[in-house]
Amino acid sequence: MAVADTHFGEDLKKFGAFDFNACYNCGTCTAVCSLSDEQNSFPREMVRFSVLGLRDDISASVKPWLCYYCGQCSTHCPQDAKPAELMMSLRRYLTSVYDCSGLGRKLYTSKVWEFGSISLLALVILVLFIFLHGPMTTELTEQGGVKLNTFAPWKQVEIGDWIMAGMLSFFLLSNIFNMYLKIVRKNEGLKIPLKLYVTEFYHLVLHFATQKQLSKCDTLGTRKKFTFSSYWIIHWFLMSSYVVMFIMIVFFLGWFQTDNIYHWTHPQRLLGYYATAGLLTGVVWFFVARFRKRDEKSKHSHITDWTFLVLLFLTTVTGILVQIFRINGMPYPTYYTYVIHLMVLFPMLMIEVPFSKWSHLAYRPFAIYFDRVVQAAKKIK
Amino acid sequence: MNRKLGVYICHCGGNISDYVDVEKVKAAVEHEEGVFLARTTMFACSDATQKEMVEDIRSNQLDGIVVASCSPKLHLTTFRAVSERAGLNKYNYVHANIREQVSWAHSDNKPGATEKAIHLVRSAIAKVRLAQSLEPITIPSRKAVAIIGAGISGMRAAIELADMGCPVTLIEREHFVGGRVAQWDLLFTTDQTGKELVTRLYDDIAKRSNIRLLTGAEVTANSGNIGDFTLKVKITPRYILEKCDQGNLQKAIDACPVEVPDEFNFKITTRKAIYHNFPSEHPQYPVIDIKNCTRCGECEKICGSVDFTQEETTVEIKVGSVLMATGFDPYTPSEGEFGYLQFDNVVTLPQFKRIIDLCEGKLTFKGKDIHNIAYIYCVGSRQVEAGANAPVSQATENREEASRDISGENRYCSRYCCTSVIHSAIETKKRFKGITNYHFTRGIRTYGKQELLYSESLSMGDIYLQSYEDDPPSIIRENGKTTVKINDIMTGRKEISVNADLVVLVTGMVPRSDNSVGSLFKLPRGRDKFFNEIHMKLRPVETVIDGITICGACQGPKNITESVCSALSAATKSFSYVSKGELELEPIIARVDATLCTWCGKCMEACPFDAVKKVSEAGKEIAVINNSVCKGCGMCLPVCPVNAIDLVAYSDQEMETMINALAEDIK
Amino acid sequence: MEEKQGQTYKLLREKREVPESVKENLKKFTRTKKSILEALKEEEMTVRQLSQKLGLPSHELLFYLMTLVKYGSVQTGIIDDMDEYYTYKIKA
Amino acid sequence: MAENFIRDSFDALVIGGGIAGGEAALNLANNGFKVILVEKDLSIGGKMIHLSKVFPTLDCSACITTPKVSEISRHPSITILTGSEVKKIVKRGENDFEAMVIKHPRYVREEDCTGCQLCEQACPVVVKDQYQYDMVGRKAAYIPFSIASPRVAAIDIENCTLCGACEKACPTKCIDFTQEATEYQLSLRTVIIATGFNLFDPLKIERFGYGKMKNVITSMQMERLLAPTRPFNTVLRPGDGKMPCRLAYVLCAGSRDITVGNPICSQICCMYSIKQAQLLMGALPMADVTIYYINIRSFGKGFEEFYDQAKGMGVNFVKGKIGMISEKENGDLILRYEDINASVVKEANHDMVILSVGLVSNPDNAAFFDRGELRLDPFNFVCQTDLLASPARTSIDGVFVAGTASGPMDIPDSILSAGAASSEAMSYIIRK
Amino acid sequence: MAGISAKSARILVFSTEKISDPAIDMAGLLKLHYPPTVYTISVPCSSCIKPVWILHAFEKGFDGVFIAADGSDCTYGESCTDKTGRLVSMTHEKMKEKKLDPARLRMAAICSVCSEAFVKQIKSFNQYLLQITQS
């Protein structure tokens, strides 16, 4: 038996939801949603759970992760209850639920915490550089580039990277484990053979790599199973760029942050260009969309949406500038921009990866994976 | 004897001709005795066919017509009018019902239907052959209307009739006017209160010299008929002089030692034996409730306006038409229905409306603060007829449960309750702090523009739950806490529970429990026990009793606007009965054959309308019929031992030839 | 006026241009009517069969066919075994 | 032209000859007032005369409208102008209105036409018949419909090729192409607005496919398919003439929907859909009828019982609004909806879909008076300025509103509202 | 009594204009079927039916006569039920005198919405009449 709790709605509004109380349960949203199917019908059920404040049902649900915010539900909602925005805020809410530290919740619901922690993390980087940076040599390499590794030797930075990656993994993995507990373990009495975790694993990989679900967002009602919309392409471009960049700076920093200036066809530069282009295009595209507010999905922006875009934009721009200054042999601009670059990058990753947008990249395929496992287990039963 | 007849057989656009071979019917009757012409027609009721009939009658000098079409309930008057326009007396037209009673009833048997149609048309021809020209009976109609019930409908109709120049007597059983509306505070879709509305109408009534308002007045007898009703009205005195001193009266009220439950507040409060409902109640002076008064004389000592010498009086009112606006009763749940009278925090919607009206600043009931309110909808409405199980009642030491036996006799939807309760919930939320509303519904019915209120309440965060038809919500009382449980349709049948400080049973409208006025006027009631109109679509305010109109919630659940609409409609109808000063009545009445009558008095006993009188004529005592009172029911016919009474148009000869025509085999 | 009675359309012709679309519409109806009647002369057909034969969308064909039924040149025949489609034939 | 200008005076002007306008006019005329009834269409009777049967009594609508209509049309105190429009009304003082009315030429002299339909047979032009909601054709010279009042021919000049065939065929020589518009200047004491409603245009909701998918029709079209004077003589789907066997009703098509600017409930769609479902089960004994709803609003006298009756007959009721409709090759339709009871999205196959379209306001109301004088509500219905005590009153003293011109309502409510309007109009005139 | 009456008995129904006739109309409206050899003559009130009319019907060959009485709904007063009952028993007496089976005259109150009740009554009456005419 569940007890109705109207306070939940007020709580959820802090995560960005609004007007969802207006829902009169006609089900139009679910019916126009191209991702909704017989196994997983949403968003109306999630709206209903939110109205009634059924916290347990919400945290056990994978449905918010299945939604990619095409906005059809909000466009056609006869009560203008903004179900899509509710789903978005449920994703924010869920990230805070999975997070045991309580930080995620603070970051979403308090601007002081959001900007405070960004500033603090930036300050940490700044302080580290003030005390630990190498000589700021004006001497250039043979190719005429700046000796960045003298100022910030990649080995030292990589140590920082590993520490950061460790923290990120800790947060993210514990959150995912939490998610696992809520989604899978919640099904009391359901026996899940270990084998299923293996057999269903490919869904995790597939959905992570392709973001296939997003391609099903069918805003024109064409009823095609896959539409390679510009939205999906841009999103995938951005996402893959991010992953490439992340891997390069965390795992191959020595190769990536080099004082060499390779020929432009060198893989290091090509990958760099790809990632930079992807990040820049994506960020600009989403910026423009959020400013124009033409599509349903970009009409409503939570403060964290802007923070994410701004941080990512600044990271990308400063990254590009570092490269330009370095190649053109401008030592001081290179050094300063590099510090700024890390001052933005670090908070961006620390906040976005475990608690915000970037975490969705992990949560979504995991949600599908967990759901598959549970469904498969139920079938066996 | 009519000998030149026209017969029209209607296809009714296939309604008839799909099952009845109308051409065959035509062929079978066109050579009947006296039939001059027989035609079939697509729509007998259409203007063109009507014109054609007029033309036929005129040019062929027809002296009788038969129309075989749909039920005479629909088109009797139409074709009577056709006859009249053609200069043929309307009683020389006879109707044969070959749709409702032939083509539709026997659509499974086409030859049978055709044969039956032939029989019915022949029987109609037999009747019209004997039909006589009859002239309507003209009787005077008194230009005055009595309105029973001074609620919103009655008051509004009174003003309208008065403005049309018709004197009105407005009869109210209570000592104050305004009916149910006076009990409501803010009214939905406007920002007026019930009291303001009643005050406004009362002032309007007071301004009009041709309205006579009687309060504390009850109709005890009715005689007469359309155009000339005589009502006997018993008036209970107020025991207070009309020109009274309000200041002293208040002191007198304070001094009264009697406390009785206050009906105005649906018994959630008490009042004194000398009382008024609220400061600006109309008429604006109190009344002594003589039934509960102990005659202690305390009030009399304080206030000189108290006058125990006043006596009950009876007045006689003569009017041409009566307009019924007797209103409704709120449904009273039975004991234990959703915990009513079983748990102390369960109230009905009308009681709840009084509670919010009486509370200031903070919502409390019986001394407890109210924050969470559960509204249970459709209590006493939309019940299925019997069958379901009785409420599960597991009364353990400190846990009690109450639900509802969903069987009941009120199958109808009470129409106003959804909107009314949603409006009350919104108002409660606006007026008091920290209120959460939980609505336990069976599907919200805020029709029309009222939908906006539903949207508003949703946006304000009210929670709506909907139960399955066979699974009503239940109320559990455990350790002094009340919980309402429901299997919610909209949450995929999850069981949802709500902790409630107050449970409001959204009770619907039921007909007045006291139907004495209705039976006095012999008003028929429908399946739902509300007064029945003649025709729901076309004559929604008229009744089968000539001269009596109905309006407002006595006819069925209505909100204020709808009640007033029907009141104004009824005013127009009542006005049309009396505006001309005279009326034409149907000439189908009983007649006595003076040569046969030997006066035994049996017909006089049989007549329910006192229409039979004994007179001496030519040295012989015989019965005569009062034409304007006789309704033509014919109850006097079979009792006559010498068969001296006939009903016009139903004479033995007419009946017998009709039977002959029906019995005759078709060649 | 008297002598013009029965000829007043000519008077209006002087004042009023008949739009091309109206003429086109008339031509299309006359053409369709002719082809439907010709097709039905051979055999009774359902709307689907007729529309395939005449190459007209079935909803348009139904419209014209029903108009011809209304004005009495075509009549409804029998319904197929599946109780789905009626056939239509030339009115005797 | 002098012959095209007529000055006259009446006690009351009733705008709209539907059931509400007709009832109001009759009430006034029966109490001795002189009434002029102005109807934009070619026949009086409004929408009701086109309906099949009426809920919850299942009376044949034409059968109960026609006597009323003929009573109106032959009442000596009522003057009817069909095919006419009220252009402007000015209030000059209490009990003193002036109205300008244009009667459009019919190109047929009404008094001479016998309704023989020879012109209709002669006319070569076929266009969509608006009285059958475009499902079948009619001629350019035509009698509007079989129970029209007046039942006389008219020439649809927009679609006429001026071939003269009708004129040659007419036995009474009543066709007259020289007719021109007539202007009426009327002095009046009171005005009743009974302009009725418009049906919601389902083209506004693209995902329902109306217009594109031929087997998606409106409830008014179904009303015609079921009426005694129906276009196909039986119920066929307009896409290919198949006898449908799985029919679906989409409730709240254009009502209770902010996205199309109509958040209010249309009040009658639930009931007429239930009624049509019952009629369909009678007309097509093998058919399954499903009604997709949000809430069933069977609130009036006898409505709930009627709803129960439909359930008893086997009409399928599914809680959940249709989200979108798509078409299969064979013209069948796939309806996607969420079954609320199960909280699961489902798809259902139907071979015909009826959109239960709602009521919206008649835009004519805004034009009668000078701007702003006649107040309208947010949905452009005529505003009832004293909703509780005088529901027929408008923002102009002496101008009253009857029927659906003030908001959605069913037939009995329209009749009552007309009663209220005529009553207030009468007391307004008598009171002075 | 040949032809279609082989399957159904000829029954004369006296209905009343305001109460039972609408119910019989509604039976048609609801397509509730009953034998087509059931003929209705409507009168203002069921208590106005003269026994001579009923006897005349039997004389002319009707198998049965059914009085669809107003019952308590009668618009002319509550005494209607009593009075109709009295005239029926009066007729029963006269039928016995004429050696007619009194069960061939039946009466039941049919309210204005009692269509189903009417059809049920008529069907059982028809059954009964067929039984006695065949035996």
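Brief remarks follow.
In this document, chain identifiers A, B, C, D and E correspond to the written order of the chains, with residue numbering beginning at 1 in each.
Keep this in mind: contacts are C-beta pairs under 8 Å (C-beta built on N, C-alpha and C of every residue); 3 or more make two chains touch, one makes a residue touch a chain.
Just so you know, these numbers come straight off a predicted model, no measurement behind them.
The chains that touch chain A as well as chain D are B. Among all pairs of chains, B-D has the largest number of C-beta pairs in contact.
With respect to chain A, maximal separation of chain centres occurs for E (centres as means of Cα atoms). Legend note: the chain whose CA centroid lies nearest the centroid of all displayed protein CA atoms is D. Centre-to-centre, using mean CA coordinates, chain B is 53 Å away from chain C. Centroids of chain B and chain E (each the mean of its C-alpha atoms) stand 30 Å apart.
A separation of 28 Å divides the Cα centre of chain C from that of chain D. In chain D, the residues that touch at least two other chains are 59, 256, 263, 340, 343. Contacts with at least two other chains are made by residues 24-25, 45, 48, 79 of chain A.
In chain C, there is no position where the chain touches two or more neighbouring chains simultaneously.
Partner chain A is touched in their complex by these residues of chain D: 206-207, 252, 256-259, 263, 294, 320-324, 326, 336-340, 343-346.
Only residues 24-33, 36-38, 41, 44-45, 48, 75-80, 221, 223 of chain A touch chain D when the two sit together in their complex. Residue ranges on chain B touching chain A, taken from their complex, read 436, 438, 444, 454-455, 458-465, 485, 488, 490-492, 494-499.
Residues 27, 30-32, 54, 57, 59-60, 62-64, 66-71, 73-74, 115, 146-147, 149-151, 228-229, 256, 263-267, 295-305, 308, 319, 340-343, 377, 379, 384, 387-392, 407-409, 411-413, 415-420, 422-424, 426-427, 430-431 of chain D touch chain B in their complex. Across the complex, chain E is touched by residues 71, 73, 97, 99-109, 111-113, 115-116, 119-120, 123, 522, 524, 527, 544-545, 588, 606, 608-609, 631-639, 643, 647, 650, 652, 655-656, 658-660, 662-666 of chain B.
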